[in-house]
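Structures for review follow.
Shared between the two complexes below is chain A, which pairs with chain B and chain C, respectively.
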Partner chain A sequence: MVNCVKQDIFDRLLLTAFVVTCAALLYIAVASPANRSTAVTDDKALAREGQLLLIKTLYDPLEKLIADGHYQSALLQLEELAKKYPGEPTGLLLRGRIQAARGALPEAVAGYSAAVRANGSFVDARSPLSRRDEIAALVASASQAANDTGSAEAHQFRQHLYYLKSRLAGGCE
Partner chain B sequence: MNMHFFTMQGLLFVVLLVLLSVAGCKDGRQSLTTAQPVKIGYMLCNSEAETRERFIPLTRYLSDKTGTRFEFVPVDTHEVEKRFTSGEFLFTHTNSLLYVILKERFGVQLIASEKRGSFGAKTGGGIIVRKGSPIKKVSDLKGKRFAFGPMLAPTGYLAEYNLLLDKGIDPEKDLIYTIPPGSFKHEKLIYGVLYGEYDAAASPLLDLEIMIREGKISADDLVVLAETPLIPYCTFAASKNADPALVEKVKRALLELNQEATASVDGETLKVLKAAWIDGYQTIPDSEYNAIRQMARRANMPPYQTY
Partner chain C sequence: MNSWRFLILLSGLLMGLFGVLLTVWGNPENSGICISCFMETSAGALGLHPNERMQYLRPELAGFVLGAFGSALLAGEYRSRGGSVPLFRFASGIILIIGCAVFIGCPIKLFLRLTAGDLSSLAGVFGLIAGVWLGVSTHRHGLELPTPQPERGGSGLIVPLMALMLLALYLLRPSFLRFSTGGGGVAAPWLLSLTVALLIGFISQRSRFCITGSVRDMLLMGIRSPMAGGFLLFIISGSLTAFLTGRFHPAFYGQPGAHTEVFWSFLGMLLVGWVSTLIGGCPFRQLVKAGEGDADAGLVVIGMLSGGAIVQSFGIAATAAGVPLYGKLALLLSLSGTILAVRCLRRAPAL
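Moving on, here comes the complex of A and B:
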């Protein structure tokens, strides 16, 4: 014969408290700070990948238009994108690339400068967004033009140029 | 007794007049109102109302900065030359082709070039078709309905006319072309392409950019078939007889213009550049206008037109 002892409410409360405590300990053990940090890192990496994918989707067709010399079509598309994503740095950079290609160097330098201010990754050689070589080439060709320019706007032109030079040299914002 | 009273009254009146005139000369602005105004002829852009709204604050700014009272004179594109030669205005604000015409025929002095859009003091145009159009390249335009902007428009007519010639299309023989009448011509022809009235059109890049920015059209609605070289945009110039010191003052004032500069118009303080829809002014050499000279020669346009 089994002697069954009937559990009262306090027994059940005690048992529930025991189960909850075990679950809490298990959770703390699994979700330790190291694991939590990994989760955050994963989230950041995911966000970065998402951002890269978005940039690629939005701007790859425009990069092709620019490469093929269809500058006006690219500019009009940039104008359209600027309404949806105002101030988006890749758009600013591509606009600068078109301006440079068409010889508007002060405007191009201002555009690249705004892009780098908005996203420093463009001058980071290790970043997947890096446009370091492109920026360095622009700075080299614009430096001569900035020296030759004697107009009132030259000051602003040189300011943007110095900013890009300092960022390429590793200077911070 | 009465005579003495009137003499005293007359004396008081003269004293009052002298006092008022002395008080009136205390600051520059008051003295501006008494001086003879110097007139600036502004070529009408889309309409007279729009041109007034854009450039009256700039005219007021120039008055404030130079101490010379300037007056806004609206001038229809086709009347600029005639009214300039009749001496109606000493300074001119025109498109770059009209500047070249006035320079070649009357020796006007280049003051400054206007900056607007993506390429500073230069801009371009293009030949547009509707998306999905069977016209895929410029040679497909033969025999098609084409719309140009106004005949004296550098990036709405002249540059595209040359572009067509470059690509082997003679607009006079190969196209059925038209120029829409009335105001807002550039917008009209863009809409005309969009809604099928024309197969293709010549359009300034600036107008396309602005219409997209304002949501009037989408970049996906149109295809730019070919684009023109960049040429100078609107230009400030002065008669060769204008006072050199005043010309220099105007030039300095234009080059110093920044986004914060304001002018008071009808009691309202307005930002000058914002009101004028421009980004500023810069100096470029007259040789930058040579591209326009070459285009005008090739298209048999003034100032080189031969009949």
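Moving on, here comes the complex of A and C:
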């Protein structure tokens, strides 16, 4: 433990200064909440809200097109959006959804895998962007279709599938 | 059975039990207790890296340190000490996290993954055993780090005070702290996590329980070594709890927070086992030693926190998609750095 020696005047001064500093710290931290800046969190919350709004504005009409079965029109619009926002995860996910609807499971799984790699929120149950159930359903149907052939395509398909399974299972990233 | 052996068994039992229960209560799957994950998320919460899915100031870290601190004080074992190759230890902290990040998990999580049926973690088990064996061989060939010397002043208090400060920050939640809502940032209720960590930190300080220490003792003394009992109980209680809570899913693919690049998993854990043996304990043991006044272990802890920031900022950390290029490079660089350091330390003249 700290060696105990006889206290001199300097020790007492240090102790007093320590108590005063701690008191000031406590006062500023606790008693003056108005001084606490929330700029960082406000900015982040605003950015998140803005992103959600943009995604909704951009992709809601596309989701409707896909739901109505107009896959070709949806794909064309996705191409246009991809030029403006390359690599945007929601676009990748919707492309995967169209491919799944058309029965192209390997391409669909690759699309969903790319989307989840770009934005992990798709597998979070509590995220406003969550597509967890949709991804779980795809993984379940794709697991039955996955075969053990040694081709490079089959290997890629399994890799994407295992990745999605692992992300659905949770854990650290 | 003497009380020390009992405490070792208790440490193993609690670690296995709560390691799984914390995931039931909300921690990420297979990461009920994972020092490297906790370091990475805590570094993220402090704004030290930009990965928005790995940001959460873990109360468990503070709990382990403060539990050990309280235990050491009560038992009269608190000793402020340090001065044994401090920079090597700081670098070791960073290297430990690099090895863990490539594998995805510290030695505790390695076995928690195994008890949950993650067969891809077996490569890590073999790597850890090989690393510990390498550490024992290194000791045998003449490398013994100097024993930390008693220090005047309170440098041993710095890490417990930091733990207290981090806990206060967690509770006050100032605006600069960052918290993820998903990914590695999901968490059990904080009071539960803190209580469990305080208890495990307290008991482990008394028992000296350590994963790599247990493996080392088993390599040296066989299954009858006292640590072996605690280690086996850790595996048994973890497996049973995982089974009873429906978390036992034996498979190689699709496991939570895991990849299947077995060579890199092996190498990552080899590095962790080797470095842990050289510096006298796994990442968890370093936290406990820092709590009992060991400033050198404190430097390892600060190195681990820095490592947490580095692996996420530089894209070193592996994900379910595999080990990134920078992860492989960082691991090989760490391995070569360790080899060089061992060579230099072996040849250093005794003071």
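Things worth noting here:
By our rule, the second predicted complex is superposed on the first by the 128 of 173 C-alpha atoms of A that agree within 3 Å, B and C clash if a C-alpha of one lies under 4 Å from a C-alpha of the other, contacts with A are read in each partner's own complex, and residues count from 1 in each chain.
We adopt the following convention: a residue touches a chain if its C-beta (ideal position, glycine included) is under 8 Å from a C-beta of that chain, and two chains touch if they have at least 3 such contacts.
Remember, predicted model here, so these are calculated numbers, not experimental data.
In the superposition on chain A, contact is made by A:R95 with chain B only, not with chain C. By the touch criterion defined above, A:H70 reaches chain B but does not reach chain C.
Put simply, more of the residues of chain A are touched by C, taking chain B and chain C as the two choices.
Common to the chain B and chain C interfaces on chain A is no residue. Chain A makes touch with chain B in their complex at residues 70-73, 75-77, 79-80, 82-83, 95, 98-99, 102-104, 106-107, 151-153. Remark: chain B residues 118-120, 122, 124, 126, 205, 208-209, 212-213, 215, 218-220, 222-224, 227, 230, 255-256, 280, 282-283 touch chain A in the complex. Contact residues of chain C toward chain A in the complex are 28-31, 34, 37, 40-41, 51, 53-54, 78-80, 104-105, 152-154, 157, 172, 174-176, 178, 181-184, 186, 249, 253-260, 317, 319-321. Residues 1-3, 29-30, 36-41, 44, 117, 120-121, 123-124, 126-127, 158, 161-163, 165-167, 169-173 of chain A are the ones that touch chain C when the two sit in their complex.
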